[in-house]
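Below, chain A partners chain B and then partners chain C, in two separate complexes.
Presenting the complex of A and B:
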């Protein structure tokens, strides 16, 4: 793998279990982390429903991607960014904690502009 | 200037595979280096040799293969995304014990590391979504 490091931003925008987007976006985050790249994950729009605790996707035979999210720090990815406005519009908790950092629309603009590559799902 | 291309959408349902084909062809005709085209999510169906395009429609599958042969393009298909969707080569057929394989030899199966490498080494990554 090349020594060149770029700032890679993966953005999730879709609801967690209605499509493969959340899972396949997460796979890129993990791959980039494995190859020691500077990768960030940003959660926007309906993807914020991943923040709901005690989800049981096993009942509909889907992989529990929320568990994968919680495992991201093991891969050296400690920056899970969440659009605060998207979360509050959906009545989801938007307090910073160990796993998630809630950011404003203006901060999101900065994150985008500071990234070399952005891939949205 | 060098670029890599990421394709996500399916070849018929979405415009992604067609627009990315036009984009790659235009870039190559202008002597811009296309380091790699990476097929992820439903775009992996582009590598199938079993798709039958109606005779009065544009054969996008053949077009990508032609582009590969003309410019010796690096066309990489995500192995995990492809296996999930039933696009497999000879060795994947054996590994998963399936009755047939269907992948065009113009494409190469590999992992997401190839996408990460393309992002790191090309000047730009152009994504074609749904």
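Presenting the complex of A and C:
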């Protein structure tokens, strides 16, 4: 059976703990990674609040989604993109580091057009 | 406690990017009213006095008498408790605030 490989783009747009959207997006990313798909995760708008350090979500009985983001490369997902404009608008650090690649609006446009499937949360 | 019994406590649980909600609050808030930021509302601590909606309506942080934020929600989201201009309160403090105001209005 021939393998069908698709370029999949998952977009997070909501703040991490106000809804389950961030968690659900991560679930799809991990599932797609398991099936060896070409998956990218794009973090936009309020989802950029995941970049804040010193989060202690256990206080409100939630999982630390930022820790999960940092673990994604272990599951073969190394394309974690962040909208640089969204981050700077929220006074969040917008420098490239090992885990995240900060991209411009134009680059985001390219990422959207090059993907076979886009799922926004 | 009794001197605030004529004023309103506004609870706000959305980020600054929810323009409609923040603008509505700015339009109805009185100078004797207090605001408490809860849930995703605590992200507003990061840029409370820099957001502007429109020329003719003042942004609610400039109008509110006191701005509170729920401590547990702030800690969970990585908001520093040293943020200036905001009083961080516990759940118990939130209950006390609810009782010391004439009414509570929820913005969500």
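To be clear about the criterion, the second predicted complex is superposed on the first by the 119 of 121 C-alpha atoms of A that agree within 3 Å, B and C clash if a C-alpha of one lies under 4 Å from a C-alpha of the other, contacts with A are read in each partner's own complex, and residues count from 1 in each chain.
FYI, contacts are C-beta pairs under 8 Å (C-beta built on N, C-alpha and C of every residue); 3 or more make two chains touch, one makes a residue touch a chain.
What you are looking at is a predicted structure, and each value in this text was computed from that prediction instead of being measured.
Asks: Both complexes share chain A, so when I overlay them there, do chain B and chain C fit or clash?
Replies: Fit - chain B and chain C, as placed by superposing on chain A, sit side by side.
Asks: Quick check for you: in the superposed arrangement, does A:60 touch first (chain B), second (chain C), both or neither?
Replies: The second partner, chain C, only.
Asks: On the chain A superposition, what angle, as a multiple of 10 degrees, is formed at chain A by the C-alpha centres of chain B and chain C?
Replies: The vertex angle at chain A equals 90 degrees.
Asks: Give one of first, second, both or neither to describe whether A:24 is in contact with chain B, with chain C, with both, or with none.
Replies: It touches chain B, and chain C stays clear.
Asks: For A:35, decide between first (touching chain B), second (touching chain C), both and neither.
Replies: first
Asks: Quick one: smallest Cα-Cα gap between chain B and chain C in the superposed arrangement, Å?
Replies: 16
Asks: Under the touch definition given earlier, write down the residues of chain C that touch chain A in their complex.
Replies: Touching chain A: residues 13-15, 17, 39-40, 43, 46-47, 72-73, 75-80 of chain C.
Asks: So in the complex, the part of chain A that touches chain C is made up of which residues?
Replies: Of all residues in chain A, those touching chain C are 15-18, 45-46, 49, 52-60, 62, 90-91.
Asks: List the residues on chain A that touch chain B in their complex, please.
Replies: Chain A reaches chain B through residues 1-2, 4-6, 8, 20-21, 24, 27-28, 31-32, 34-35, 37, 117, 119-121.
Asks: Hey, which residues of chain B end up touching chain A in the complex?
Replies: 6, 8, 40-41, 80-81, 111-113, 115-117, 119-121, 125, 127, 129
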